[in-house]
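The following pair of complexes shares a single chain, subunit A, combined with subunit B in the former and subunit C in the latter.
Entry: the complex of A and B
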């Protein structure tokens, strides 16, 4: 009887330990999840409620879909959605175009001192406030700024080129501000690509371009997709830089939220905030599908 | 067993309270009011709102200090900011914690004073507790005493003399072709962005605003950019990105004093009167209201209004105040200028705030650059 009980106890202990091991990460995860739930999901719930129960200082609100109808039924607001998405895609594409070669080059630096210098140059701007950096761009790019002064001094233009208070200014500043967020994920993947795979490809007759396209790029795709996701989501919801560089002329969704919050029109502001969130979620979900394929492909290539 | 239940209950109730408090904080920063009450420990603790920037908060701090010295049981905290930032939070706090306002009393510009009427934000003042209110010109007393005007910020035109040889002379210069692409303003500030004045000078009014929108839709490219604050307007003018803007005379003269290349002119049609008010927020206790009225009485006294005028260049509404000699020569301080200042229908403007913002974006901003 006693002998029969021993395996059961061992099994139970094994199960208990296994369960402990299985859920060991839960206490580590709890603070972050708790914070996210409190800050994000509670706010989202409040926004959903406010979007259908307009917040009134005086009187009792009634259930209405007017704010939703106003946004979804007006072509003007669809145009604002279009501008917001266009800016986010362009900034992401340019950040990728600049960030990928930069990450690749940094990964090739052999000397630790040079590598450190490259890191400092690329990532130090993160230490400076976005507002300060944006004001810096305003001073550089304004009609009387350094860039236009140099262009005129060189005789390239007669009149200053409008580089601020338009989409161009927003894109320039956003790419600069978000470039480190593109470089870092790519850098972390590029460093893992083994030289032997590239050598093998070249031994089999592939030139540099084909090697890059068929070997390096697929293997670094997960980092590229992560970088694009980060830059895209930060751009789509950015407010300060688009507002300052756009001079209030470029209409984007975050600007609408601010406009209506200021006027205590919280119902409409909530609707815009939720639409912004939905857009980000849809695009991130789509890119996640791409990411999953890229991961699988990268795994196959590595194997 | 009993201990387990107690702990669960504690966590459950604590969780509810935590979530509730958090939601309040998210919506309106209402936790500030809770913290104030908790810290007060029985003594009265009030928050006085005042505009930040330039010398605007100085008098509020001085008066609060003076009042506290003479009333040891009272603490007055001065909260600096802008009406457009703080007002939405005040409204949220009033809705969520009606007896614990975020701000108990303070300074309010014209736009938000009238918006507060619509949102039922202001207490009626008991003028028996504010004897200095008797010196305020009747035009600046409010219906049912929901606040009281203490100063006027005359709005005129500013320009950068480094870029503008021939100064603007009329409000119509804002939409004159010679300043195409060189005008700026805070985006939805109806007293500086030219909408209402354009309507008035083109056969319309606040109640018939279409002429204003029509004009600005045609002349949208007069604007180079919109700013988010007066300081941004100043920077645009100083950099030369914009050449003219409508602006408070007080701000313009202070900036000029600080060395900015800015000149202020009164258009031939007169300044736009932008009255500034002192209000008490609904939800204060009777005791808090009496304290707030006491402080307002001090702000309206000759001593503090003269100090306010000297520091800010804004015109006091009290007939008894003797402004410092340095201000007497300024045109905007002359009784004639004050008398002919253009008075907007702020109640109508407040009622149309949301609709005009949308129209401004659709009809004017969307046409810029075309």
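Entry: the complex of A and C
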């Protein structure tokens, strides 16, 4: 009996000590989780409630799906969703097209001084307010701006090309503003693809292009996916730049939210906000499936 | 005899640094050829130039009689096993090995057959579906060799491929590599800084130092008849005595070292030239074992070190120079520091080096 009891006590003691150790990280996590729950999840709950009880604030709660019906039933709003997604996809694609070569080139810089210079050039704009940068683009791209002046002076166009108050302007400004968010994640993985892997590919008969396509690109996929996720999410939820560059002529979801909040149409604003969130979640979830595969390979690479 | 790889006066400069200095080599078909030397001697650079991963500053490289000096790696019939293996982490074992075959657009059935065949050859049958990170060090090694061999290269280049393995596995892989080379009959060029590895596996060895080839010969010859002081010191161990050729005739050579006259069978220099005499510790006999040796003196034991199967003794000769002798531990019974002892070796074991 006694002999059997002793291991049991030891086991139980080991049990609660192990349990304490197992939950030792909880105090570290609490502030961040607490803040997120209070600010984000509670507000999200409020949004959901407001989308079906639009007059809650006025003190006359009445369940209605009118706001949902209005958004989902009107082709105009489907067009707005389409514009939002199209802008996000185009901005992401262009940022990738510009950002990947830039990240690749920076990773190749040998001299530390030049590498630092490249970092400063690429990342310093983050320090300047988005509003300032957007106004800068308005000045550059307007009908009387520098770009149109140069195009006309060079004799390439006779009439100024409309570059602001349309999607073109939004895309140009957004790509510029979000470019660092594409370059940075790619830069962090592209340098890890060892030179010996590229040499191995060349030794096995791959020229530079094939080496890039079969070795470098798959191994940098995790960085590409993170960069695209960041840029895409920031673009579909962006407000200031599309608002200023679009000049009220390009309507996107974030603009709708602003408009309806201004008009104290809180029910509809909540619905649009939830749709925007749903779009972001769906796109991120889909890309995460890709990312998980890419990350599994990349972890192996680091091992 | 067919020559697979020929280097003619090949040099490689990196800025002001001369990594490889006018190296000429002829490597025969089917040979296991080693480039041996300390780190920084230019052996890896030489190998990389043969593989087309580096290009010579001067000189010519021929592969099976054709000049390939400026051809990039992907146009050469050479394949390399890299020091850190460089297996593709995003591909399975099968896809790693099939990499070169796919680039040559071989039909899938041929690829499957060749990959299976080479996996059998390196003793990893059925491993095609594994991920690289699931393999042990020795298995990765085999996959790296398989990935190169499956392309049936004219020459297989190996850049210290066993360096990252522990000693036991390394010794096992040495035997296995040699056996593999025998089976496939491909010319192997093997870079190593480990003299034991080179002596064990190679048909011939090129000993390199400071960008130059010091000697090219078989393992036995390199060991028994080193041509330079560097080779004698780098391969195995040696006692060095500086002297001058006193007499050189058809009956043998006499070298004056301080007061001693050392007998040798041949010398690379005429009478009067300054030379270095080299003798291996295991050839230096002590006590009765030295009786009748052509070179025989008396000396005093200074130090005795027990090393397991062998015992090492440092002896000061009465004429002044010190020598290290290596004896089997049963022959060393009774040796003690301070004891007077006869020291000697056969004339055939004296190696006379120029300079």
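In this text, the second predicted complex is superposed on the first by the 267 of 303 C-alpha atoms of A that agree within 3 Å, B and C clash if a C-alpha of one lies under 4 Å from a C-alpha of the other, contacts with A are read in each partner's own complex, and residues count from 1 in each chain.
Simple rule for what comes next: a contact is a pair of C-beta atoms (placed from the backbone, for glycine too) under 8 Å apart; a residue touches a chain by one contact, two chains touch by 3 or more.
Owing to the predicted nature of the structure, the values given are computational and were not obtained by experimental measurement.
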Superposed partners subunit B and subunit C on subunit A - clash or fit: fit
Touched partner set for A:262, first subunit B, second subunit C, both or neither: first
Subunit C, subunit A and subunit B - angle at the middle CA centre, rounded to the nearest 10 degrees: 160
Partner chain(s) touched by A:199 [first = subunit B, second = subunit C, both, neither]: second
Partner chain(s) touched by A:33 [first = subunit B, second = subunit C, both, neither]: neither
Touched subunit A residues, subunit B compared with subunit C: B
Partner chain in contact with A:143 - subunit B first, subunit C second, else both or neither: first
Touching partner for A:207 - first (subunit B), second (subunit C), both, neither: second
Which superposed partner A:215 touches (first subunit B, second subunit C, both, neither): second
Superposition-derived minimum Cα distance between subunit C and subunit B (Å): 47
Footprint of subunit A on subunit B - complex, ascending: 18-19, 22-23, 26-27, 84, 87-88, 91-92, 94-95, 115, 118-121, 187-188, 223-228, 239-241, 353-354, 357, 361-362, 365-366, 368-369
Subunit B-facing residues of subunit A, complex: 38, 42-43, 46, 55-58, 76, 79, 138-139, 142-144, 164-166, 243-244, 247-249, 251, 259-266, 268
For the subunit A and subunit C complex, residues of the former touching the latter: 194, 196-197, 199-207, 210, 214-215, 218-219, 297, 300-301, 303
Interfacial residue positions of subunit C with respect to subunit A in the complex: 51-53, 72-74, 78-80, 82-84, 86-90, 99-100, 103-104, 131-133, 147-148, 151
